[in-house]
Amino acid sequence: MRNTLGNLITVTLFGESHGECVGAVIDGLPAGIKIDMDYISREMNKRRSVSAISTARSEEDIPHFVSGVKDGFTEGTPVTVLIENTDAKPADYERIKSIARPGHADYTAQVKYRGYQDASGGGHFSGRLTAPLVAVGSIVRKALEDKGILIGTHIDSLNGIEDYDFNWDDLENDLRTLNDRQFAVLNDEMAERMMERIKSAREDKDSVGGVLETVISGLPAGIGEPSFSSVESELARAMFSIGAVKGIQFGAGFRFAKMTGSGANDPFRVVDGKIVTLTNNNGGVNGGITNGMPVVFSTVIKPTPSIGKLQETVNFETMENVELEIKGRHDPAIVHRARAVVDALTALVIADLICIEKGTGWLA
Amino acid sequence: MRNTLGNLITVTLFGESHGECVGAVIDGLPAGIKIDMDYISREMNKRRSVSAISTARSEEDIPHFVSGVKDGFTEGTPVTVLIENTDAKPADYERIKSIARPGHADYTAQVKYRGYQDASGGGHFSGRLTAPLVAVGSIVRKALEDKGILIGTHIDSLNGIEDYDFNWDDLENDLRTLNDRQFAVLNDEMAERMMERIKSAREDKDSVGGVLETVISGLPAGIGEPSFSSVESELARAMFSIGAVKGIQFGAGFRFAKMTGSGANDPFRVVDGKIVTLTNNNGGVNGGITNGMPVVFSTVIKPTPSIGKLQETVNFETMENVELEIKGRHDPAIVHRARAVVDALTALVIADLICIEKGTGWLA
Amino acid sequence: MRNTLGNLITVTLFGESHGECVGAVIDGLPAGIKIDMDYISREMNKRRSVSAISTARSEEDIPHFVSGVKDGFTEGTPVTVLIENTDAKPADYERIKSIARPGHADYTAQVKYRGYQDASGGGHFSGRLTAPLVAVGSIVRKALEDKGILIGTHIDSLNGIEDYDFNWDDLENDLRTLNDRQFAVLNDEMAERMMERIKSAREDKDSVGGVLETVISGLPAGIGEPSFSSVESELARAMFSIGAVKGIQFGAGFRFAKMTGSGANDPFRVVDGKIVTLTNNNGGVNGGITNGMPVVFSTVIKPTPSIGKLQETVNFETMENVELEIKGRHDPAIVHRARAVVDALTALVIADLICIEKGTGWLA
Amino acid sequence: MRNTLGNLITVTLFGESHGECVGAVIDGLPAGIKIDMDYISREMNKRRSVSAISTARSEEDIPHFVSGVKDGFTEGTPVTVLIENTDAKPADYERIKSIARPGHADYTAQVKYRGYQDASGGGHFSGRLTAPLVAVGSIVRKALEDKGILIGTHIDSLNGIEDYDFNWDDLENDLRTLNDRQFAVLNDEMAERMMERIKSAREDKDSVGGVLETVISGLPAGIGEPSFSSVESELARAMFSIGAVKGIQFGAGFRFAKMTGSGANDPFRVVDGKIVTLTNNNGGVNGGITNGMPVVFSTVIKPTPSIGKLQETVNFETMENVELEIKGRHDPAIVHRARAVVDALTALVIADLICIEKGTGWLA
C-alpha cells in the first residue's frame, strides 16, 4: 500500500525533491537479471529535460545502486537505487513555503502532514520521485524486451495537436522507432508543431497538457487476474501515482460512450491458426485479462501546474488571500517527459502480473 | 491482490454466475456498525433490473449474511454475504460454451483456466459478481453517510444523450435526489430520452454505453496517501474491477489535454474562513490527496457486449470461425445499473483510506 | 492481514462457532487441481472427535464448495468452502455469556468487540474455525504430495508421555504410516498410554496438552525468502492462528540454548553426489531458506482451557468475581486433533512459498 | 511479503554485509514523531560489540536518514535510513566463497541465487541487516514509551546460566534498569558468570547460545487481530527474520506440554476495579489478543555459527568435502546483542497492531 506497488515484484518509493536524495527499493527480482546501464541512462534522459522545451533544472540523475546488484547483475535480494539531489535549491522555495501553488499538493500535504513536510519543490509529491521509478522500471522493461514483450508510448496529442496513429500492421517497428526518440512522436511534422506549441506556452508563462498513448506488444493471452488485479486495475493504480495523470482509458475508452454493442464488440477470428480480433476497441483486454492483441491505453497529463503567470491563491498559515508569481524552474509541458515514467510503470505492472502465474523465476 | 480489495477494510469476492452462489467476505469492519437491510435492499434493487429496459433475469438477490453479523450489527469479525443464484439456467449457455462471445471474457478465461472454468453466463467474470459488492459496500456507504460523507452517481451521458450538470451550490440536495431514484438522472426529460434510447437499442437487438459521474461530498481535506494509494489510484483500481468500465477520469480528466495551466489550475481562496478552490478541475484531489472540495470522477461504461445481433466469432475448441446469435437474457444497457456498483466501491475505497490514518475504530 | 493468510495462495477465514456456518475462501489456486473428497474427508475426520477421548459434539463437518470448483477440479477462481454448524447449541452458552472462561478469548473479545461479538462457544475464536482450514489446506497438501512433497505430524509428547522419534532413514514410510492413523503416534504402546492419560484427565474434569512435531520431506533446497517470508516466519505466523498453540521451534529449537556452536552447526557433506547435512539441528532451514534436508518443527498445544473443574473468574459485565463450572461439551485434549490443522497450514504455507519463485501455475 | 514487514507501518529491509550499505524504509509513520538520536544511538550500541565478548568488527553504525525526516521530526513520508559498511573487508571472505559455512545461509543462498549473490560475510543474510531494524524500530519504540508502553528484554539464560526472574510487582522498574544496561541481565552475579562463559567459549574457538525473554508492559487489552494477525502470529513472523532465532514461545510456552488445564488456565479476578489474571501462563495473550497483563515471550538464539574450530563442510562449486577453519571476525555469542533487535522488532509489531484500530495518526 501507499508507497509500495506490486504483488510479487514490489517497488517502494521514497525521498523528497529537495532532500538528500530520491530512491526506490525493488524487491522480488530474481538473481541474474542484467543491469544494462546504457538502457537505464537512455530512459532516465528521456524523463529529464529536453533543453529548449523543458525546465532549466538539470540534475545529472545518475542512478546509484547500493544494494542487490553485483558485477552488473541482480543478486536476487532487494535492489535499492539512490539518485542524489545535486541541484536542490530550497532557497528558491523558502519565500513561498506557506503559499499553496494552485494545482500542486502543497495545501493537501500541509493538511495531511501539519507542517512537518518538506515543502520545497513539492517534497515527496515532486515529479522527481518518478526518477527512481524509471531506474527500476527500466531494469524490468529491458528484461521483458529480451522475452519479446515490447512497450512504447507516443504523445497522442498535445494541446490539441494530434500525432499520427500507430501502423498496427508493423507495430513493433513503430515501437522501436519511438523508443529511439527523445521526443515521442511518430510523425515528424507533428513533433515539430508540438515543440513549437510548448515554446509558445513558455513565452506566455503558461503550460500545456496532452494525452499519452501506450502500447504493449508481444504479450500472450491470459495475463491478468479477475476482479482487482485485472490488467486495467493494476495499470491504472500505477499510473495515477504520477501526479499529473488525471485519467486513463483502455482501447476505445471514453469513445465507448457513444458506441453501440454491435460496433464496440471486437469480432474474434481465426487467422493463420491463431485467434485474433478484427478490431481492438477493448485494447487487448477482456474481463481484465489479455486476449493476445496489443494492449492499448491512454493517460491524460494535465498542464504543468507551475506557471509563471500571476495566480490567485492563499497563504495557508496566515489564512489570507494572496497573489503568486512562481519564479524558480518549471516546465511548460511534461507530457513528453512523463512518457518515460509511463513506460517504466507499465513494465513493472506487466512483469508483476506475469509472475503471479509463472513465478519470479520466469523473469531471469 | 486478485479478488481482494483494500488495505484495512478488505473485500474478497467469489462465485460464478451460474454456480450455487456469489458472495463476498468483508474484513476489518469494526464491531457495532448497523446493518440497515432496507438501505442495502434499495441499493441491490438499483443494481438489478428495471423492467422494460433491463434483462428479464430476475434473481431476488437477497443478501444472506452467514458470518460476522449478530442482532443487526457487525460483530467485528469477517462479514460474509452469500447471494444465491436462484435463477441460474446453465442450459442456456451449454450450446455456446466453446464459442467466444465478442467483448466478453469467454476466450481470455479459456486461455487462463484451460477449460476448467465455469463458462456459463460469464462465470466468475459475470456482472453478477457485483451484487455482493453492492451488499457489503452499502454497509460501509451507510456508515459514511452517518458521518456526513455522501456519495452519489448520475448518468452523465448515455449514447450521447447528456444529463444536466450538478447544481454545485446545493450538491447534497442533488445527491439525495439521485439516491432516491432508480434511474440516476438529474433531469427528468433527459431520463426519459435515455430510457427511450435503451428501448430502441433493445428493439435493434443492440446495446448502448455511457458515462457515469460520481461525486463525494463532505470528505475532509487530507484523505489519501502519496504514490500508489492516492485517492485516484485506489478508486481506479476498484472501478476497473467492473468488467464494463474501460476508463476513469478525475475532474476535467481528458479535457485537461486541451487546457493551459492558467486555465486548468484551480485558484485557492479563503472563503468564510475556509480554504476552497474557485474551480474544481482537479476533482477535489491534489497530489492524490483530497483538498476538501467535492471529489468528482467519471467512468465510462461500454455497451453491453451481449447483443442479439448476429456476430462473427470463433469456436475456440474447434478453432473454427462461426456466427453467433446470443439468445438467453441480456441487457441493452447496464449504465444505469452499474451506478449502484460504482457507489458501493467508492464507499469501500474511501472508508479504507480514511481508516489508514484514523483506524478502523473510526467507522463504528 | 488479519483473517487472510498467504502471499500468492491466500486463505480468508470467516464464521462463528454457533453461527450459521464457518468457512474459508482460498484464492490463487490454479485451474485443474483435483478435489479429492476422500482425502479431504479423511483429514476433516482427524480434526474431529475420536469418540472416547474427545468432545461429544459431533458435527458432520461436510465441506461444501460453493465457488471455484466444477466437476471435481478447481476452476482457477476463488474456492469457497462452507461448513454448516448443524449441532450449534447456543443455549448451552447463554447462561455464561458474560463470564470469562479462563484461558479462552471471551474477555479479550469482549474488550475488542464491545459486546457485539457472538460469544457462544468462542464465536470467531472457536477451534471450529480450523475446520475450513483443514478443508482448503487438504486440497493443497494433496497437490504437494502428488509432487513428492510429504507432510506429516506426530504427537511428540502428551503431558510428558513421549512418542518414539522418527526413523530418519525411512522417513517417508513413517509419514505415510502416520497419515493413515487417526491418532498420530508412531509407537503403539505410547499411543495407548497417551489415550489413557486423556481419559484420566476427562475423569478428573481436567485437560492435558502436548507437543506436535511436524516434518516435511521432499522439499527441494532454496524454498523460502529472506527476512520476513522465511520458512520459519511464514510457518510460525500460520501456526499461531491456532488458538491453543503457544510456541513453535525449528530443529533443535530451545535446546540450542545449551549447545555450543561446534555441537549445533550441521556439517555439510557430499553424499552420493548430493549435498546433505550430517545432523539436522537447524531443522532443514538455514537463513530462512530450505537446505534440502527434512524441515522439522514443533508446536506446543496448551491443555484445552474448557474444563469441568470449578474455576475462579469474573463476570465482565457486572465486574464481579464469580465461580465457573463449565458444563457444555469439551475436550480433555486437542493435541491429537490439532495435528490435522498443523498439517493443513503447513501445506498452505509451503505451497505459497514455492509459488513465489515458480508461480501458481506450478501447483496445477 | 519477503523483505517487508507490517500492515500499516511497514518496514522494507535491504543491503548486503559487505556491500555499500545496509538500510531500511519505514512507511506509515505519521508526521511529527521526534527522532531522538541519543535514544537510537543507545540502541544501536547495544546491538554492536561489547569489547571483550564480541566481534572485533566495529562499524560505527551511524544511521543516516536520507528521506522522511526534517528538523528532527518525521515528515509523514517514507523514512529511509542508510548505514554505511565502513569496515567491510570482502577479502577476508574471498578465500572461502564457495565453501558453505555450517549453520549459515551460504549454501541455501547459493541454491536460491545461483552464484549471483554477494556471499561475503553472509551478504543479505548477515546479522548486519538487523542494524537498520534497530534504527527504525527505535523511533517507534520511543514513541510507544512516550505513551506508556514499555518494552524490555533480558537474557533469560545463556548456555544454561539463568538470570533471575522479573520482579512482576515492579515490572517497569526492572524494564528501565534493563534498558539502561548494555548487557541485559537483571542479576549482576549472573551477568558476570554469563560474560565469563562467553569468554571461555571464545578461548575454545567456540560459541554459545541462549534464551531472551521479552516483556511489554502498559499495553491495553484488546490489541491484536484474530487468526493470522494475532499478537503471537505477528511477533513470531518478525522474530524469525533474525537468522539466529530458532524458536519462540509465549507465557509458559513449551512448559504447557506437561501442565493440566486447571493449572494452566489463568484465573481472572477483579482487583481494584480492574480485570487481571492471577497467573500469566498465557503471556498476556488470549485468542491472539492482549488481555491487559504484561505480554511475555521468549526467543531462543542459537550459538553463533561462525566458530574458529575446524569444521567439516563442502565446497559447493567443486562438490568436494573440505575442512574449514573460519578466520575473519566472529562473535562467541550474539544473545546479548540480539536483544536490541528483538526490542526494536517488538515495537514495530505492536505499534502496527495498535494502529489497525486506532490509525497511524495515533502514534504521533
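Chains: A, B, C and D, in written order; residue numbering restarts at 1 for each.
As a convention for this text, contacts are C-beta pairs under 8 Å (C-beta built on N, C-alpha and C of every residue); 3 or more make two chains touch, one makes a residue touch a chain.
All values derive from a computational prediction rather than experimental measurement.
With every chain reduced to the mean of its CA atoms, the largest distance from chain A is reached by C.
Counting C-beta pairs in contact, the pair that comes out ahead of the other among A-B and B-D is A-B.
Chain A and chain D have Cα centroids separated by 39 Å. Averaged Cα coordinates give chain A a centre that lies 26 Å from the centre of chain B. Inter-chain centre distance (chain B to chain D, centres taken as mean C-alpha positions): 46 Å.
Counting partner chains per residue, chain A has residues 1-4, 7, 13, 28, 77, 112, 124, 226, 356 touching two or more of them. Touching chain A in their complex are the following residues of chain B: 1-5, 7, 13, 100, 102-105, 107-109, 111-112, 122, 124-125, 129, 157-160, 201, 204, 206-211, 221-222, 224-230, 232-234, 236-241, 243, 245-254, 256-270, 273, 275, 277-278, 281-283, 286-292, 300-307, 309, 311-314, 316, 319-321, 356. If you check the complex, the residues on chain B that touch chain D are 7-8, 28, 30, 77, 226, 355-362.
Looking at the complex, you find that chain D touches chain A at residues 1-4, 10, 12-16, 19-23, 25, 27-28, 31-32, 66-68, 70, 73-80, 82, 112-118, 123-124.
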